[in-house]
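Chain lettering (A, B, C and D) follows the sequence in which the chains are written, and residue indices restart at 1 in each chain.
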Amino acid sequence: MAGTTITPAASYGSTAQAASVKRERGHIIAGLAPVLLWQTLFFVIPMLILLVYSFWTMRDYRLDYTFTLDNYVAIFTNPIYFKAFLLSLQVALFVTVICAVLAVPVAYFIAKKAGRWRVMLLVMVIIPFWVSLVMRAFAWRLLLGERGFINRGLELTGVIEQPFSFLLYSPTAIVIGLVYAYLPLYVLPLYASFDKVHDNWIAAAQDLNATPMRAFWEVTFPLALPGLMVGAVFCFIFGLGEYIVPALLGGGKSLMISQAIRLEFELRQNWPGGAALSIVLMAIVMAILAVSLRWLRPETAR
Amino acid sequence: MSAGTVKLGRPNPAKGGVALTAYTALIFAFLYLPIAVIILFAFDDKPVPGLPMAGLTLDWFGKAFSDPDLMASLFVSIKLALSSAVLATAIAMPAAMVLAWREVRLRTLVMCLLLAPIVVPQIVIGLGLVLLFRLVPDLIGSPAIIIAHTTLTACYATMILYSRLLGFRRSYLEAAMDLGASDLRVFFEIILPLAAPALLAVMLLAFTDAFGEYIVAWFVAGFTETLPIVIWGSMRGVLSPAINAISSVIIVVSLVLSALSQIWIIRQSRSSS
Amino acid sequence: MDNQAEPELLVVNMIGTGITAGRDVAPEKGVRVDGVTKRYGSSTAVDNVSISIEPGEFVTLLGPSGCGKSTLLRMISGFVIPDDGDIRIDGQSVVALPPFKRNTAMVFQDYALFPHRTVAQNLAFGLRMRRLPRPEIERRVDRMLEMIELRGLGERSTDQISGGQAQRVALGRALIVEPALLLLDEPLGALDLKLRRQMQAELKRIQREMKLTFLYVTHDQEEALTMSDRIAVMRAGRVEQYAAPSEIYNNPTTAFVADFVGEANLLPAVVAEPSSGLVVVAGRKLRIPPEQARGLVAGSSVSLAIRSEAVQLAPPGASVEPGLAGTVEEVLFAGSTAKVIVRFEGELTLIATLGAGTPLPERGQQVGVGWREADIRIVT
Amino acid sequence: MSTFRNSSSRRDVLRFAASAAMFSAIARQVDFTRPAFASEDKLTGPLNVLAWTGYDDPRLIEGFKELTGIDVNVKEAQSNSDQLSLVRAGTTQFDIVNPDAVWTTKFAQSGLTLPLDPADIPSLSQMFPQFRNNTDIQYEGKMYGAPTRFGINGIVHDLDKLSAADAEEAHVLWDPKLRERVSIVDWAELYIYMTAQWAGNPAPEKVTGADLDAAINRLIEFKPNLRALHDDLGSVKSDLINGDSWAVWGASSDNVARSAKMAGKNAKLTLPKQGGAMWMETLQIVRGTPNLATAKAYINYMTGAKALAIMAWGKEQFCVTNAEVSKYLTAEQYKFLDLDKVDEWFAHSVVAKAPDDEKAWADAWLNFKAA
């Protein structure tokens, strides 16, 4: 390599330029290749297979390989899917907003006030998730249920005489379950962002007569915004695909979009229909993502 | 999770407002409330957990430890989740470095592609993968589970690492390179140690996800049984408190381990300063 | 040069010598930057720059932020690849080499001390990359710690030392590899004035003692003037003037250099009689030194540059050549000196720097303004 | 230039053809040109079984191994649809599947199962006579499924909250006093069938059009009384046991009642006077199995009294179709399993049949869930 590059020509910036572009491109390719190849092989290709399926139909439980757009037409003409999508959207927006509000103080505390125990606290945020979701949902049922800990406790202390039945299999339970499931998704990136905010900056703001609260809103919070955005994007996308929490704690009384997709694949065994529905969902999310990634852009400016 | 996490000697011990501390304690109580219930009923002498409790027993722990299927599935799960977490982090890291530090055309497209697996319902990914594995049916089982979970977790592993690396000081890399470190040495001498907390965090998340995932795993598992497959599989009956017992063990062991490592880290930082 | 242990460099050296020997010319020494250009999109950061640096020389790139001086430095160190032109160090072109194969070392503006390494480990880094034997590394690190006056602090972590100490570690880390060229990117920017002065002297001493070639980037003209053997004043990607500090100061060739280095008054003038050195400023005919008038064309517009300390103010009632008069607009007292801003009719103002002990005029007072003919420079 | 373009377009065509071939290789399902089975008589193995839970009992697997020397791999599924999806994907060659009888047609139409010759499975002669000649285990006149377990659907109720007399009347499930007190599972065919059955349709499986609309509207009217619609039986059971629901409709009621009793709950299964509906689970052979003879032997073994007795009193307690299991069960066990009530059940109930218009039923269920 040295032999080819060391030539005493007067000007060969362009050769050097070419070599560096090549090196740079080599780096980019080498860096992106593993994950892109992996995702192409194990995600894009399966999705492409399903894309092909979405243009076929299922007749009498056998595939009919004639090209058709019927599956897509069916989706856009069926108000149930629209309703289910709206519900998923509501859930996603809800967890995105509520969890952000709830997570900010926790992440701030861990990053700025927890001293030596920060790592421990962070790990403690994750550990509950090492217990099967089923087990945690069953535990929530034992807490919220008719004869659960909360109702029992309130009865024994004489606060109520009849148990509350609205705690379980209700919107309340869905809210609790969703917050429970999504809080860590925020705490982790938010923690990272708060951690990057120097104590000096906060001190400087307070020095300029900002109250601690004011200093937080004027200095810390804006600087932690990228972490908040990362959390929000994750929460929103996960939230759109959510159905397990509403099913386990909400009593499965309403239909979310990913449940509709499951029904299509399972009960009907209609793979083409389910594939079309998944692809429409994916397209919508991609569009939302492309827009929200633009929000994340300022972070890339160095 | 940041480079700063390494420095523990921070002159800032819990001097925050009482309200903030109380609030955080409340949130942690919220996170651990169900866990407490799970542990409580691991000791209750009743086949179906529920109030009122019947009496104390350790039988469920005995049952859990003497159930070869349950124990085997636990170890299979740990092994597979660890593998996919390491693999996902390993393929995510170079991509995150490129996305964060270099000019990449179509960056948005790449990111959308990386995030897409999160939104697709898992049954769809499971079926898609099982169709793909028709080409290599021999992979069905543990390798396929690792592949599936790596696919599910590598996407957000990349995104999280990317957002962490954006804050990485470029001059560290340039200084190292300038002092004669090749790309590879820069990676091992500078990037890896400085990004270690973030990498660990990402690995932890990926492990958590892979450890609990059931649907995709079921499709590609063949006859391999992971803990979630066993647990979901027993949901036709009533979930045995033996599963409470094994969950309690998982929780307590991981809490103790993380507390010990935390204490160790603090000791280290004390002795070095 | 003690880089025999670095195999890559060894190869480069051998091939380099082979070629020069084959051509039968003496090996070129020092640094040659030859027609280097770097564009970012439509803007040109560095525009066809050529400078040469002799071995052991202390050269400063001076200019305002955004003038391309850092880009040039980063091209020499290898972080930026030029679009065109060549850079040679000791006769070998390095443009195609990645940074880690160039025998340059850089001191970063933010020091870039590795936070996960101790002071000693930071110092040892470059030597480890060159795969020197461990005892040799230890010996050299000890020597360097002594040299940068940080003996006994080797085991400290980088956040347990002061800013000045960190600065010295950054310098030591670059010096220890004995580079053919040491690049310094505004290394003193973060220090307070006193420490800064001290470090300037220190740097100069080290450079002289070790006989190293320094390429220093700064926007601080005083720093540049104090330390450099030669200064390249840059503006908008071009080198305006490349000369010794005294030459830059005394004989600026462009209005920009005159203005940026020191404090110069620039007066727009029209050439009246080139042969006799007469120009017209604000309606008055003035004389300029004949050697300055050489090559001027009658009727063309030029700028007169007069250093503020060369401007004389006449006491009340008296007058000085060439006998201009204006109103004192502002008097700024600065201890050893004072600045007086004098406004003439119209927009034209002049700044005069008066030495200690000179009586200061009052604001609003009418004063006579003048200068010695020899202090006038024509700049473009 | 033109030749270049020519060759490149030819290359494109080739590339397209190659990818199309790959796609169809992956996407196509069962290859009908393949012989239905590989060997006729020789016992080969191991046998791959995809089944509901219960079939992986080590006693069963060891029993079969002793008998034939063949190993059995069991993969447990949580639903009929998961079984069908996995067999349809065809990545693992299963030899045996275990769908409910009502899914027989779907498997057979998909071309995934093989007809059985009753002569190959002598154990079937021990089956309760009422289960024989069930049309749901047949497709195009041929038998595809060998019944193993079964159950009955009615109302399981907390006796402290709902008396047996009240539960005799099916429409109690719509009574406002049970508001948010009834749990069910996600079992489309069952609830539509029973609603239609209770509305007085003589052949509920045939309802479609206006009758189906009526049934679904009736189900939607039930929704205020719905406590939870679960994906799994376990949740339904714990709801009842922990007092979150006062009644469970369907959800394999006899099994729910048994679990509740075992947990000490004062609960009872009542078949309303409008009738109950039975379900059954079958073993079927997957088309293309390389182990046909073993598969037949396995079905014969599993439908035998000994194996089904193990199934009946295993991890869970389900009724089984072999009448002679009493030989292997204690009298208490036999009684607890309600096997003494089979005649009574058949007098009051029907075996639920698969809907004729499956697509319409699936649409209707989607409407119910989204309502």
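We adopt the following convention: a residue touches a chain if its C-beta (ideal position, glycine included) is under 8 Å from a C-beta of that chain, and two chains touch if they have at least 3 such contacts.
Owing to the predicted nature of the structure, the values given are computational and were not obtained by experimental measurement.
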{"item": "Comparison of A-C and B-D (more C-beta pairs in contact)", "value": "B-D"}
{"item": "Chain centre separation (chain A, chain D; CA means) in Å", "value": "35"}
{"item": "Approximate Å spacing (C-alpha centroids) for the pair chain A, chain C", "value": "52"}
{"item": "For chain A paired with chain B, centre-to-centre distance based on mean C-alpha positions, whole Å", "value": "15"}
{"item": "Residues of chain A touching at least two other chains", "value": "49, 138, 142, 145, 147-148, 265-266"}
{"item": "Residues of chain D whose C-beta touches two or more other chains", "value": "26-27, 82, 85, 235, 238, 242"}
{"item": "For chain B, residues that touch 2 or more chains besides their own", "value": "49-51, 127, 131-132, 183, 232, 235, 239"}
{"item": "Contact pairs between chains, per stated definition", "value": "A-B, A-C, A-D, B-C, B-D"}
{"item": "Contacting residues of chain C [partner chain A, same complex]", "value": "8, 11-12, 15-16, 19-20, 23, 34-37, 81-86, 91-93, 95-98"}
{"item": "Chain C-touching residues of chain A, taken from the complex the two chains share", "value": "2-3, 5-17, 19-21, 23"}
{"item": "Chain D contact footprint on chain A (complex, rising order)", "value": "48-49, 52-53, 60-63, 80, 83-84, 138, 141-142, 145-148, 165, 168-169, 247-248, 251-255, 259-260, 263, 265-269"}
{"item": "Contact set on chain D toward chain A in their complex", "value": "23, 26-29, 79, 81-82, 84-85, 88, 106, 109-111, 180, 186, 188, 223, 226-231, 235, 238-239, 242-244, 358-359, 362, 365-367, 369-370"}
{"item": "Residues on chain B engaged by chain D in the complex (per definition of touch)", "value": "46-51, 127, 130-135, 137, 140, 218-223, 229, 232-239"}
